[in-house]
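Below: a set of structures, written as structure tokens.
Heads up, the next two complexes both have chain A, just with different partners, chain B and then chain C.
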Partner chain A sequence: MKHDHIRPLLVGLFVLFAAVLPFITGNLYYLHVATIIGVYWVLIATLNLLVGFTGQLSVGHVGLLAIGAYAFCLLAGGQGWNPFLALLTGGAICAVIGLLLGLPSLRLPGFYFAMATLAFGLIVSELALAEQWLTNGSVGMPAPSFPAPFDTPWGFYWLVLGIAIFVTWMTANLARFMWGRAMVALRDSTVAASSVAVPIYFTKLMVFVFSGFTAGIAGGLYATSQTYITPDAFIVNLGIYFFVAIIIGGRGVIIGPFIGAAVLAAIPELVGPLAKYGTFFYGFILLMVVLLLPGGFGELISNLALKLRRQDQASTSIEPDLGALQAAIRGKR
Partner chain B sequence: MLLVIVSGLALGGLYGMTALVYNVMYSTSKVLSFGTGQFAMVGGIVTAWLVLDFHLPTWLGFLACLVSGAAFGWLAEVIAVRRIVAVSDEHLWVLSTLALSTMVQEAMAIWWGTDPTPFPRVFPQEFAGAFDQKFWFPLILAVLMAVGLEQFYRRSMIGKLFIAMSEDSFAARARGVATDRMRSLSYVLAGMLGALSGFAGGQLTFADFALGTALGLSGFIALAVGGIGSSLGALVGGAVLGMLTALTTHYFGAEYQKTIAIGLLILLLVVRPQGLFGTTRVRQV
Partner chain C sequence: MSDLLEARAVTKRFGGLTAVDNVSLQLRPGEVHGLIGPNGSGKTTMLNLISGYYRIDEGAIQLGGADVTNQSVQDRARSGVARTFQTPKLVLSLSVLDNAMLGGWPEVRSGFLETAFAAPRPRREEARIRDRAATMLQGVGLGAVMERRADLLEHTAQRFLEIARSLTMHPKFILLDEPAGGLTGAEIDRLGAIIGVIRDSGIGVLLVEHHTDFVFRVCDRVTALNLGGMIAHGSATEVRNDPDVIRVYLGA
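What follows is the complex of A and B.
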């Protein structure tokens, strides 16, 4: 019973820490880094459902991020929509595109699908450069900011934090109950899953729609956090970063990818000289994790927790009360 | 128009060669390496570096290109494939080869720079429009490579062992084939052929650090169109993709290259998943 209280306590402490972070550090740059991590997490949390739980290796979610960002800028900036409405519309557009991206996964095996999503990411950045009437080409476009309470760096940070917590909560709910079991079953053996009546197509496509939606939301938030977007911001390397964060965090764990995302985003930002080697570093970490720790850090942590827990279940020996037993037997006679 | 067709065929040759390299590695290890295009990138840059910066003769650059490719292929097998194949998890090799490919590309970007640099002339020939060596060299080399690989698979002992391993690795091992050594050898061969394709296509693509990812994707499309395991399919798939790319560039502009290419891939995979020349394999459940 004791351990059931530890996890909510940790989560609560972390949320509290994240909420008061602007008061702890007055440094705007650190706040910006924290905001960016939050924005990435909105995307990664549900990409984890796709990569970690369902086992669909999507490298191209950066394309969805780009579409969400451009949709947000066009609607809220160009058309003068309410930013929140524009954010939701961008999410809806990306949900539809996520559905389309998911369709080939019903037929393509792992590597084929990874290549198709890689190509999707490349196509989006190619089209963002080419369709100048829509996206302004390589010049890029300014991103609108949110209305009054959220227009300061602190306000925006809290907005991102709120959305991130909401998305995490939804992800956790999905992952813990029947949907999550269905996803893991699909990942481990599609044939076995379908033989016990897991709806393969429906489950896969729902995950794609959900992760597409939050990727679109993350795109809009990303645009605002950068204040100006160009096609260069959405290079394939960013997609690889999302992917690496999930793998090193551990597939099929919720909190692992968060640690991965935070560490990967923070290290190049906070240790200046590493910025140039950022992508090299991601590749190196990915290789090390795949070779040495295939379950990722999440699995390492849960294994450690399991070991700690085992001590509680130490076997207790029961001494038979021989006197009472004898009395009972004799009494019956 | 002649120039469009010729450049399309040349690009097709390059894609076809990459698809052949995929095939060589796939035959022994059942791994489709994300880093396949990087062999060409490394080979091209090493040659350009030695010949242009150190003024070495071209044939020496060619040798160095082959050696660097062989070394890289061997390293790729040792680092990213050997342990993964031993574990035999389905998806891990995608990740390990992606990681290695990313590392090599970024290392090259840092060391060589991100600007494409020109590649030295291979043969003494005046610039001759559509009949320039930058067009016919990759095309001829692609055909030679496909024919050579077919002969290698059919006539030589080692080639036959590759085929045996691609049919059934365990059975080959049971009959006394040193499967680990053969796999290593196939990666060395793949690295050499990949570097050779980089050498052949160097004048077309320039020595560019980003070549690897683009070529890896295009080569894979050529492979998927042609069907895994087929040399003829690799050539045909490469030629179809190259022609499509050149025609798209000519009529719609270079911005739409990848859109068309990937459209072709998705269409074909949905209609005919095993490719034009591939064979279906019955999967045991």
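What follows is the complex of A and C.
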């Protein structure tokens, strides 16, 4: 999982660009779209660990997003909590719900797990509509904003950017150390993973709880970015879009789904007059990616990077170094 | 006698078929134990019972004097039982080095959050496991292809990679399921040399294999199975000259 020095440079340039974006564009609308991309990314980055790395196909994360959003609005708005405390509490609630949902469902084989998460998304969506005492039903509720200096559009943008960078950093750490190998191993071969003592169920559960936490955080940020939330905002389609963002981006690549997140946020906003065709474009792109680029954009990019580096694919004869082997085996503490 | 990996009167049935019938064997540290027999005689089933992939119906598995009959595959791996597979089971989308590093899992103590925050401990573990996996790969002869994706490896190299991954676990015992399958004569010689080094380092080896010449050359003791039952066990020479073994397996 080691790469050259080009990657840190690209990441640095991108972060710099993202940080100065409010100065580049005076257009508040574009800034809003960029903020939404960041909010989605907070959820999608860790959903990618679950779907892309660990191979657990959750299509119900919109339920966690909704719970995070309502928790934030109720606590920071109705109860008058500090918004940051409310945001973290929303994340914690979603982590606990992720645990409760994961405990039974992560034992299910792939397809049935996907169905369980879909059911969860549907249930949350229905409850948001039906439980009027808590959620105001279809009337919805206003979302509080964050205190200064995060109460302006660019201030809030920077807050979201900071959180997104932090979440990306954590995700990248999980992916590059031993836990990341364990995730990919249990996705590709549970037999191989168990032979080296990877705790399969526990690993899935940890990833699910972590992705639940950031989905809750994303929910709070999403509420603020919309200023007002109703159950309509959390229809199951959105959960499927998150999933699709990862397919478009390419599974198992940290940054890949960012492209998917950007497309997801940008299409309904930027297509403007064609807004009612937003879903159509999204479906169309998905179809194109699945047919032409099964590995998503992430794999396209990593394949290009691989081609640029010199790759010696010639077969080499295997010449054991028995002395070194003996020293290595006996080198145990 | 507490450093053995032992199967005691083990029986395994699949429906009405008794795949392994009352078989006992003892793996000792620093010894290569061969398990031979015709197709369907229960060799691989036996290996799956010892490593924990199948539950046994009767009998017991003991490791270092402790009963591990009801332990999971993972528990046994942590206690020092490593294995390879008849068809190599690798994580094909990862590099050769990453695959070998997976063998470091039993010693990972870093928690999930610790890793998310890139605390010192996961960094230390990463460096240590990377070093050891790389040395093992050098040792088995895959040093030149460490950065290559595992799915681009040839069959033989995949087999040797599984051995390197197992050795990275610092196992007490290593179970090899037909490691010579599909290898050329020269490659089998290298495999034999590697197994010799593993044995001389004090690791106990179980070798399930069809290449009987190879088995009798590298094994200290051999058990022969037929139709799930034990027909002979003893030193390589004894088993090679056993009339039953010659009749059902070796041929006249």
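Observations
As a working rule, the second predicted complex is superposed on the first by the 302 of 333 C-alpha atoms of A that agree within 3 Å, B and C clash if a C-alpha of one lies under 4 Å from a C-alpha of the other, contacts with A are read in each partner's own complex, and residues count from 1 in each chain.
FYI, a contact is a pair of C-beta atoms (placed from the backbone, for glycine too) under 8 Å apart; a residue touches a chain by one contact, two chains touch by 3 or more.
Here the structure is a predicted model, which is why all the values come from computation and not from measurement.
Of the two partner chains placed by superposition, chain B and chain C are both touched by A:191. In the superposition on chain A, A:146 makes contact with neither chain B nor chain C.
Of the two partner chains placed by the overlay, neither chain B nor chain C lies in contact with A:234.
Applying the stated contact rule after C-alpha superposition, one finds that A:170 touches chain C and leaves chain B untouched. When the two complexes are laid over each other on chain A, chain A has residues 191 in contact with both chain B and chain C. Taken in their complex, chain B has these residues touching chain A: 32, 79-80, 83-84, 87, 89-92, 94-96, 98-103, 106-107, 110, 213, 217, 220-221, 224, 253, 255-259, 261-262, 265-266, 269-270, 273, 285. The part of chain A that touches chain B in the complex is made up of residues 55, 57, 59, 104, 107-108, 110-112, 114-116, 118-120, 122-123, 126-127, 129-130, 191, 236-237, 240, 247, 276-277, 279-280, 282-284, 286-287, 290-291, 294. For chain C in complex with chain A, the residues that touch the partner chain are 51, 53, 72-75, 77-78, 82-83, 85, 89-95, 98, 101-106, 108, 110, 112, 115-118, 122-123, 125-126, 129, 132, 135-136, 138-145, 147-148, 152, 154, 156-157, 160, 165, 167, 169-170, 187, 190, 193-194, 197-198, 200-201, 203. The touching residues of chain A, when paired with chain C in their complex, are 1-2, 170-171, 173-174, 177-179, 181-182, 184-185, 188-189, 191-199, 206, 210, 252, 311, 313, 315-316, 318-322, 324-332.
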